[in-house]
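Here's the structure, in structure tokens; my notes come after.
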Amino acid sequence: MIIVMRPDSTEQDVEQVVARLGERGYGHHISRGEERTIIGAIGAPDHEKEVVAGQFSVLPGVERVVPILKPYKLISREYNPRPATVMIGPARVGGGHLGVIAGPCSVESAEQVMQTARAVKEAGATALRGGAFKPRTSPYSFQGLGSEGLDYLAAAREETGLPIVTEVMDVRQLDGVAEVADCVQIGARNMQNYDLLKEAGHCGRPVMLKRGFSSTIEEWLKAAEYIAAGGTLDIVLCERGIRTFETATRFTLDLSAMAVARRETFLPIVADPSHAVGISHLVAPMALAAVAAGADGLLIEVHPRPDQALSDGPQSLTPAAFAELMRQVRQVAEAVGRHV
Amino acid sequence: MIIVMRPDSTEQDVEQVVARLGERGYGHHISRGEERTIIGAIGAPDHEKEVVAGQFSVLPGVERVVPILKPYKLISREYNPRPATVMIGPARVGGGHLGVIAGPCSVESAEQVMQTARAVKEAGATALRGGAFKPRTSPYSFQGLGSEGLDYLAAAREETGLPIVTEVMDVRQLDGVAEVADCVQIGARNMQNYDLLKEAGHCGRPVMLKRGFSSTIEEWLKAAEYIAAGGTLDIVLCERGIRTFETATRFTLDLSAMAVARRETFLPIVADPSHAVGISHLVAPMALAAVAAGADGLLIEVHPRPDQALSDGPQSLTPAAFAELMRQVRQVAEAVGRHV
Amino acid sequence: MIIVMRPDSTEQDVEQVVARLGERGYGHHISRGEERTIIGAIGAPDHEKEVVAGQFSVLPGVERVVPILKPYKLISREYNPRPATVMIGPARVGGGHLGVIAGPCSVESAEQVMQTARAVKEAGATALRGGAFKPRTSPYSFQGLGSEGLDYLAAAREETGLPIVTEVMDVRQLDGVAEVADCVQIGARNMQNYDLLKEAGHCGRPVMLKRGFSSTIEEWLKAAEYIAAGGTLDIVLCERGIRTFETATRFTLDLSAMAVARRETFLPIVADPSHAVGISHLVAPMALAAVAAGADGLLIEVHPRPDQALSDGPQSLTPAAFAELMRQVRQVAEAVGRHV
Amino acid sequence: MIIVMRPDSTEQDVEQVVARLGERGYGHHISRGEERTIIGAIGAPDHEKEVVAGQFSVLPGVERVVPILKPYKLISREYNPRPATVMIGPARVGGGHLGVIAGPCSVESAEQVMQTARAVKEAGATALRGGAFKPRTSPYSFQGLGSEGLDYLAAAREETGLPIVTEVMDVRQLDGVAEVADCVQIGARNMQNYDLLKEAGHCGRPVMLKRGFSSTIEEWLKAAEYIAAGGTLDIVLCERGIRTFETATRFTLDLSAMAVARRETFLPIVADPSHAVGISHLVAPMALAAVAAGADGLLIEVHPRPDQALSDGPQSLTPAAFAELMRQVRQVAEAVGRHV
């Protein structure tokens, strides 16, 4: 970290900073410019960097503290420079393999899941998604079928062979979900539910971590670091749109975030255009854009009857629209050297 | 809800919408303008409004669905027009009584809490805040003292008489926290942790609900509705800053949100300028602004030694600065007809 | 427009609204639901819709006014349902033809422009971009060469045959720029410089209108309506990134806005990934994403020596990187049925 | 500026950076930490800092460039540490004197302006505002009366003695406006209209610079630096709300920005709650909040008949509501040691 002193700071202020650095086990390096004195802290210990930066920022004469090192480690390219592949059951995500995870927003019935699973399998999806536990903004909306929904997903896997990705909202559901799911999803609203992140890290399944809709890329990577610190590197990141001032779409799919994160981490990154845009006719262009931008996979909501869906009908594709999308996805994927 | 048809919609499209409304138990009213046909749905049943709106939006010929009614009820002024007062232990929040809830971000030691509690009590605070369970963006930062921290808070209450407000992050901590705390706080990052909201609603304590830093006012009120549906109307809302493009402050304190929410709900609303601005010298002007704008209370971070704080040092006031702030708060409160 | 009355509105309030509608030349339609009375205004006259909506919103008993019609007309699909093609000199933009407009951010010297023009022509660009008049956030930064810069652009066109797109910042420059340029660009910071928009509409050249970095899609389209009202429909829209809370990129390229706008207007829409991301290694993935999402063209910053550029060096591609990008652009374009 | 090298940078990369610093006239200071090498640039010349930072950021081996010095000078506290007072005609803004600038959004008629001027004068306003040239998002809305409107403002000043603040949108209007106005206002949409800023700096009148609704505090101050570089330090800054994801208010009044800017510059800063919130019943709480937060003045929209206003009716106060607000403003001002 670098400590920038105020123009009116005194020699004594500088000495106090240096003394405090020494107490903390840091070396230092002073650079006196014409307008500012700058103190470099050398040999930063691994832990508590952010806390220490906060403490130094309030010492007398300090203008600001500039962190230099990244606040994550286990998941960073500095730790492991090669892109990783994560297996969701038999489906490979990363390393040129596009994972296409499709299915309904909510599991509503055995029939609905089975019908959707068959259709997306037929169209070429590599995994099945569907929520048994649902985060809903209104307490009066359908809240999901719970463990009954997990059974329906398992039945659909049994028949189609598609591995299952499903969300866990609460640490108490984790064991039950991990028993059935091939990949445990942490939703955007729980990206900073730190207890859940830690425990998901040792639930025995790969974890898909959605970006919080108002989280910076750095916060997203730090949340992934929590999972990694919990015990696994089988993590798939998922960009699903951020909240901006624009209201014509539900969120704004931030594809450049995917490209930035790829430089920082070796973890595979997928995109969820369905939740990002919230309107079915915008899903296809954004899915193709995500593939062209280098996504390692897609999450796509598909429902046999969007006009009867208990959640997210407006953004769900029909099976026919999904099949047409898959055709285009294959072409764009090929154009950028990837395949489904 | 109002259903606006596309200019190219057919008579058959209109008929299908009307038929579906009938199936759902709605009456309807058709208004044919020169450029658009509009269908009003009448007698909407209480539940599932948002789901239904989504379903109608994907019917053929529908341009958009405009909801008319508010998506919350128990906490709305339509349900109860008079502003409510919530008691946090002996401290009254609302109805002209300003609650001033002060203390450290994290409980770090028995000594630190006791020292702070004495100082804020002396300066005129009406409740003590302090986190035993801490949501931290880095897994390598101090994570809080847990239940040991609760003991220190209880000891400080024992001596000073100040009631305690402390955060719960995980449903599994709820019983333990509710046993000790006079008011259970749900943090911004958990504002949409719906399981936690529901259970907090029947934990037997008042609940302070912070606004998620990217949540709309409507989402905030819907989250409060979850708590109310869980079983209590002893809810205090807390505006604590939203995330915007501006990075000079940690968040942007949205005082007009407080004024908007006041029209919608009878629940008291307090402001947390400390977390909003993140820089100690900005806390006082924003605390005064919040009082002038009509806040029912303040959350203020105070630490005996901000340069040694294990969290949020940069935004913590010293006891002396807090005492000076309280002097000004009293003056501004009086100017707008309130008192501490 | 629809006028929603408050639950506590009186019969007299309703009558006043109806009377005012009559004075304004509107018919009306009253729908009395169980919880709200709703008044539909019929036969809205063409002008002043927004002003009128504001006036009704403050009448006694009115809860809110919901506009139904779009606030733009000349540029809308309702006016002209078929996608248009705009010619920039000999280069076709729209209708399956991808316009690739490449060149330096600023015109810095005759040599720099000529060298860049040759390189981008060779790589397959269809037009040359370069700023002679530059909007710079600091008064101490290079402000552009002005009309001398226009001469250098004209010389480069003379040699390479590439038509020229260049920015106009001030109405006083408009005639001079229009004399030389094949397409006049209105920058993001001037998207709501209404005098400039009106006059650009009859300058005799096609106009490229960049989206303001904090403008909604609707505001962008209304700005285009100003140009159209000024006298031309030869307008190319350009999405160039919006300001969000994310700071890892300069702006956030909002590709879904492009897809939304395409439904609303027949005007061609191009994307400027260079300004959006601000970092050269992110330009290629986002350019490919834009093409896959359906862009009618790209603006790409290219500089022979980014480390000596007087503006936007960090986001400029070298000629070699641009040539490689063009190879990939052609492949992705083909995969989605377009060509350069 | 500080140049942080990548962990995989070579000795040669460091040498190249150092050599380039030398060519540019900088000294340097190298600090080799365990994980990063950092190069401090010393003795930065005054101009082109941002351009230079961009150029260094693309050199091989460079991870990022951290600017240390502020990008403005003439308006900074480092240049002049004492808060300034600006005179708008006879009205003092700053130095404990609250300027209250009230009046209609648009000048609509001689009668409307005169009536409003009398009312706000009576209630205690110190200046009259009113737009003759209006930026309107729709080309079909009322565009202002132009120079005729200036005459009406002058007549109102003649009678009431209130000085006039009015907006200029276009450099071509500047002379005409400056001839009549006591203070020339640059609106939010023109905050980065650099030609206008420069010329306003030597128009012979004080300039009120509104913050762009998506401009950072730093950009706002850099825009003020343009005016200062143009020739005057008689500049009043005006915070008028920023665009955020929240749509319940028109914009989000960012009062902490005012507090941040106050540390950076000696210029007085006023707040415009009317444009920020866009709804009349929210104006009063936010006006009081602004005063409590330390504003040097207020801009308040007042209209004799908001339900007939040709612009901004929904946010306009009636003369009676304004008089009541002034009463409260005086009390809060007194509580924080200021006076109208």
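Chains here go by letter, A, B, C and D, matching the order in which they are written, and residues are numbered from 1 within each.
By our rule, contacts are C-beta pairs under 8 Å (C-beta built on N, C-alpha and C of every residue); 3 or more make two chains touch, one makes a residue touch a chain.
What you see is a predicted model; the values in this text were computed from it and never measured.
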Partner chains that chain A and chain D have in common: B, C
Chain whose average C-alpha position is farthest from chain B's own: C
Intercentroid distance (Cα basis), chain D paired with chain C, Å: 26
For chain B paired with chain C, centre-to-centre distance based on mean C-alpha positions, whole Å: 38
Geometric centre distance via CA averages, chain C-chain A, whole Å: 31
Multi-partner residues of chain D (each touching 2 or more other chains): 214, 243-245, 247
For the chain B and chain A complex, residues of the former touching the latter: 46-51, 54-59, 71-72, 135-143, 169-172, 189-190, 192-196, 198, 212-214, 219, 222-223, 225-226, 229, 243, 280, 306-314
Contact footprint of chain D on chain B as seen in their complex: 214, 216-218, 242, 244-249, 252-260, 263, 276-277, 281-282, 285-286, 288-294, 328, 331-332, 334-336
Residue numbers on chain C that touch chain B, as the complex places them: 2, 4, 7, 29, 31, 33-36, 38, 40, 42-44, 66, 68-69, 78, 243-245, 247
